[in-house]
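Just passing along the structure, written as structure tokens.
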Amino acid sequence: MTRNFSIWPVVLILLLISAPIVIMYSYLALGTVTTTEPGDLLPSKLALDNWRFLFDTSTAAGNIWIATLNTFVFAASIMVIVLTVSATGGYAMSRLNLPFRRFVLSGIMVMHAFPSVTLIIGVFLVLQFTGLYDTMIGVILVKASLMLPFGIWIMKGFYDAVPWEIEMAGVQDGASRFTVWRRLILPQVRAGLVALGLFAFLDGWGEYVLPRILAPTNDFRVLSIVLELVGNPDRTNYDFDLFKTVGVFYTLPVLVIFVFFQHRLMDIFGGGTKG
Amino acid sequence: MTIMKKTTTLAIASALLSATVFGAMAEDYTISVWAGGSGEESDYRVKAIEIAADLYEQEAAIRGEEVNITVDTQLFSGWDDFKQAVTLAAESGTAPNIIVSGHEDIGPWAQAGILRPMEDYVDFDAWPLNQVYDNLIQVSSFDGKIWGIPQDAESRPFFFWRKNLEGIGYSAEEIDALPQKILDGEYTLYDMLGDAKKMQEAGLVDDMKGFMPRPSNGPDYWQFYQSFGGEMVDAETGKLVFDKRALTDMYQFFVDAVEMGVVPATYLGGDWDTWHGSVSAGKAGAWHGGTWHYAQWTKKNGLDDFFGNIVYTLIPAGNENGRANSITHPLVYLLSTTGSDDDAALSADLVSIASEPRINALHAMKSSHLAIGKEELNVPLYAESRWATEATKNLLPHANALPNSADFGVVWTAMFKGLEASWTGVSSVEDAVNAAEQTVGNALGDKVVYRNHGM
Amino acid sequence: MRSRTSGLGLLLISPAMLLLAIFFFTPALLTGVFSFTNMSSSTGISGGAYVVTPNLLKALSARGMQPATIEALEEASYSVDADGLAAARAADVDPAFLDEIEARYAGRAYATDSDFLAALKDLPSRPRRIRDLKLAMEPFTKSVLNVRFATEELARTAIAERVAGISDDEMATLLSESYTGWVWTTENFGKLFAGHETWRIIANTIFYVATTLTLFNVTLGLFLAVTTFYLPKKLGAIFTVIWLLPRITPVVLYAIMWKWFTWDDGFVAVLAGELGLPSFNYMKGSVTSAWTIVIMVNGFIGASFGMILFSGALRSIPIQQLWASEVDGATRWQQVRYIILPQLRWPILFVTSYQTLSLLTSYQEIWLTTNGGPGSTTTVWALESFRTALFNYSGSLQYGLGAAMALLLVAVGLMLSIIYLRLFRFGELVTQPKIEF
């Protein structure tokens, strides 16, 4: 393409509107290794000891590695449930004859944007009834279920894009419909599975409200809860720099995943239930 | 948020020894305790139960019984999520045996059937409960039953920075006489605003920092309602009271304070850290806080000479309708319906032991709270603290508590919403009061007495 | 054309349906049910009991209940009689202790708890544990005051025994008033619309959704997509990453970063101070600044949604069209206006509709930043519903009212969804499968 416009004004405008993000994140990163006096703009001294929580369990953050492992297990379980259930459900919705298919599909579309806050009391009762209240399994199931409409919807979109010819060919060769799905179709939607899996993992990693409300006293403590607790200014040993550092530690895996799989994530075409 | 959780096994008696010597069956108990609004400085709310369990085991061993008690403790730093966790956990049958919460929760929780009445499990006429202050026992009662044992007491006084008062012409004697003047109603909230304004004009404190109230919702704001003659409970019928005139005057007071420029319109919701920093360094003219803030200011904010720098008083009266006052907001030990009757009986015994003056004084001193009973004043640790003894003597006798009622939360929420709305200037005082009245009326109807004073 | 149901389809869809039924439909249904109750933290969720309390009697007396009835119910007495002794024996009270009670106190009555307790404490073989003493007292009580009756029948029997000849009317009043659990009501919706507070929150919500949506989710998203499209690839990618950061940052951290950025001693306040501008808590310091920040906090997350979606759509525009236009001498602006925008019509419509719903139901970011303040100026419907039902300082959780608020939100969401489904020609999405078996 020809350059019939000057690039700098555009970059300048972009920089200007991106300034809050750039400033916030640079200060976040800076705050983990320096100390800034209140009321100053620039940090005054280097302070690496903000990171001591990594091996010192006596800080407000407690044992960070257990929390990290917990968060990983939490996010990975959600990812596995969302992936398997969406992969099968999405295929059924896309390619197979089901009663009330139209109705179910529009229902899923509606649920896609359903206010989950409105469900929490009901969810609580269901968990209590099934004995899953205050357990992490309960929270995982709830979180995964709340993501399902989105997952099924996305997977259906990917299946829709697979040419029918592949299936026709498989069926004509005498394979069962299930084998066709497993052997021929699933590889075709790999991009979708990767994107959805990443997305589910990231969403699980960042989840905060559900563990807090549905498993308030559980030993299985995830990083979002640890972060909230470190960030509570009512504590006598409240330390904002420690909070920032734990925050960066919490976000690092997300950033790494993001940098490496950025294009994969883009595949999900919008990805997200956040406002 | 949950901040600390641990399990302490306090099994000391040797199973072998007692089983062979006394032939007694070992009894194993697990007692869980949750405390709300507690950080490390107030961890004796649950630690006291551990100490009590230890004592109980030793006493049992002497009697020839072997009892192993495991105490499961949990501290929640906030109130919102603590109360929600307790309510939902109780609903699912997993509430802790012992709950440490604000006394105002007794009403709703007793009605919901979450609590066992404490009086069915302990003897209030025996040591150590017979020396607990009667008014605190009253605070732990609701609808004819005693539901809890007071865990601590405090008071929410007003503070002035001496130098700033001197800077606007007060003599040292006048400053020392201020608490009495306030008690007698000769120095009102409006006098305070005037002085705050003078301090700002004299450049002693920054603009908008003349008066620094509590930055967030709390029982404290009911003190101002009382300063303008409001009552929370109708003495005769025991119903809650919505006093329109007092509420109007109270909202108007904060609006006036904003108009005088001594407090910002958008003050509420500010940061506690900033607040502690300002008030403990004399950057504020007048403020109100809690007796327990003493610990924060002297230990963390580096305020070395508290008594040399600060004068504390009751909350001044607002006008001729009201009086100088202070609210005490004791936390109470409560027994949940979770678990067996035996668990509850043991829990009650533990709470009772934890209320021994010496054990309770540990909490009182570590967290700068006040004594729950007469004998605690004689515990050396407590007696040697000037702040504790003075506050107990000067403030506590004039303090009253929030009502225990299942419906008070609704009135409280409405009161604070109206205060926020008028303070920020979003609604006029009149609209805010009417909106609050409407909310309360809709929700509670004739369960509340509405006093208009011909307004 | 009607076709055979696929067994495999049912099998494949069943895990999804099961999970959705348990964790989506059931809770949604329950929410609908709750919204017609007065359920709260004082009524409990799972049911109530019947308790006659002193306060209740006071209230009933004020409402004109017979003084005789009130008096009979108020009396908290114990009497040591044959019935009581039998009941105590049945309740496994220590027989030796009971014998002493019978010997010393048979035929006596006590007006208060403490009188009876004091009397019992005099006996030599009294149990050591206070609890056991209290349990021994219980069978002798004749009072119904503050006793929790699990069922209506138990309460009715006890009251009838206590107040001989109580009228049916009074019994009915007593039973219904002494019930502590929740009851059905349709008042929640009336309550909601009785106060003008509700209308303010509705206005807030509309303002919040409309402003965030137009300024950030659509306009800024579009701007970012188009500019990064035209920038050199590497440079464009940097901005894409920057704008995706808010979306992938955990919300707790993201919220606190904004707090730090805008609070009293935060970056903005300090910078403003040095530039000679008013320096205050921008997040809560004024209504305008609070709204600006609330919208930015959500908008910075929302913009990336549009950005990604529009970028995808832009890449699918045949590049030849753009070249051709340049040969014809079109400026960049003309290119955007006449070629790009028309092609983005559907994505824009999709972002608008989808994000309207997300914004309507979002509350976490506001909750963790301004918490709806100052006052309730930035309180939106979803946040208010969350706080009413689940999270407030005084701990009075009003599940019923909160559920009613949620139900209204669901109704609005459903209506909007149906409109959108029509807009997007839903039929095209559900074409019939091409292989039948």
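Going in written order, the chains are labelled A, B and C, and every chain counts its residues from 1.
One rule holds for everything that comes next: a contact is a pair of C-beta atoms (placed from the backbone, for glycine too) under 8 Å apart; a residue touches a chain by one contact, two chains touch by 3 or more.
The shown structure was predicted, so the numbers you read here are calculated from the model rather than taken from an experiment.
**Q** Taking contacts as defined above, which has more of them, B-C or A-B?
**A** B-C is joined by more C-beta pairs in contact.
**Q** Please name the chain that ends up farthest from chain C once chain centres are defined by their CA atoms averaged.
**A** B
**Q** Report the inter-centroid distance (CA atoms only) between chain A and chain C in whole Å.
**A** Centre separation, chain A to chain C: 23 Å.
**Q** Roughly how far is chain B from chain C, going centre to centre by Cα mean, in whole Å?
**A** Taking the average C-alpha coordinate of chain B and of chain C, the gap between them is 27 Å.
**Q** List the centre-to-centre spacing of chain A and chain B in whole Å, with centres computed as mean CA coordinates.
**A** 40
**Q** Do you know which chain C residues sit against two or more other chains?
**A** Those would be 45, 265, 390.
**Q** List, in ascending order, every residue of chain B touching at least 2 other chains.
**A** 81, 84, 91, 271
**Q** I need the residues of chain A touching at least two other chains; which ones are they?
**A** Chain A, residues with two or more chain partners: 38, 213, 228.
**Q** Chain A touches which residues of chain C in the complex?
**A** The contact residues of chain C facing chain A are 3-6, 8-10, 12-13, 15-17, 19-20, 22-24, 26-31, 34, 45, 212, 217, 220, 224, 227, 230-232, 235, 239-253, 256-258, 260-261, 265, 267, 270-271, 274, 296, 298, 300-302, 304-305, 308-309, 311-312, 322-323, 326, 331-332, 351, 354-355, 357-365, 382, 385-386, 389-390, 399, 402-403, 406-407, 409-410, 413-414, 417-418, 421, 426, 429-430, 432-437.
**Q** Contact residues on chain B for chain A in the complex?
**A** 1-3, 5, 34, 39-41, 74, 77-78, 81, 84-85, 88-89, 91-92, 94, 271-273, 277, 296, 299-300
**Q** Across the complex, what residues on chain B touch chain C?
**A** My answer: residues 79-81, 83-84, 87, 91, 104-105, 107-109, 111-114, 117, 119-123, 125-126, 143-145, 217, 237-239, 264-266, 268-271, 274, 341, 344-345, 348-349, 406-410, 412-413, 416-417, 420-421, 423-424, 426, 435, 438-439, 442-443, 447.
**Q** Can you check the complex and tell me which residues of chain C touch chain B?
**A** So the residues of chain C in touch with chain B come to 40-46, 48-49, 51, 53-56, 58-59, 62, 113-114, 117, 129-131, 134, 145-146, 148, 180, 191, 194-197, 263-265, 280-281, 284-287, 290, 370-371, 373-377, 390-397.
**Q** Under the stated contact criterion, what part of chain A meets chain B in this complex?
**A** 38, 60, 124, 127-128, 133-134, 212-213, 216-217, 219, 221, 225, 228-229, 232-238
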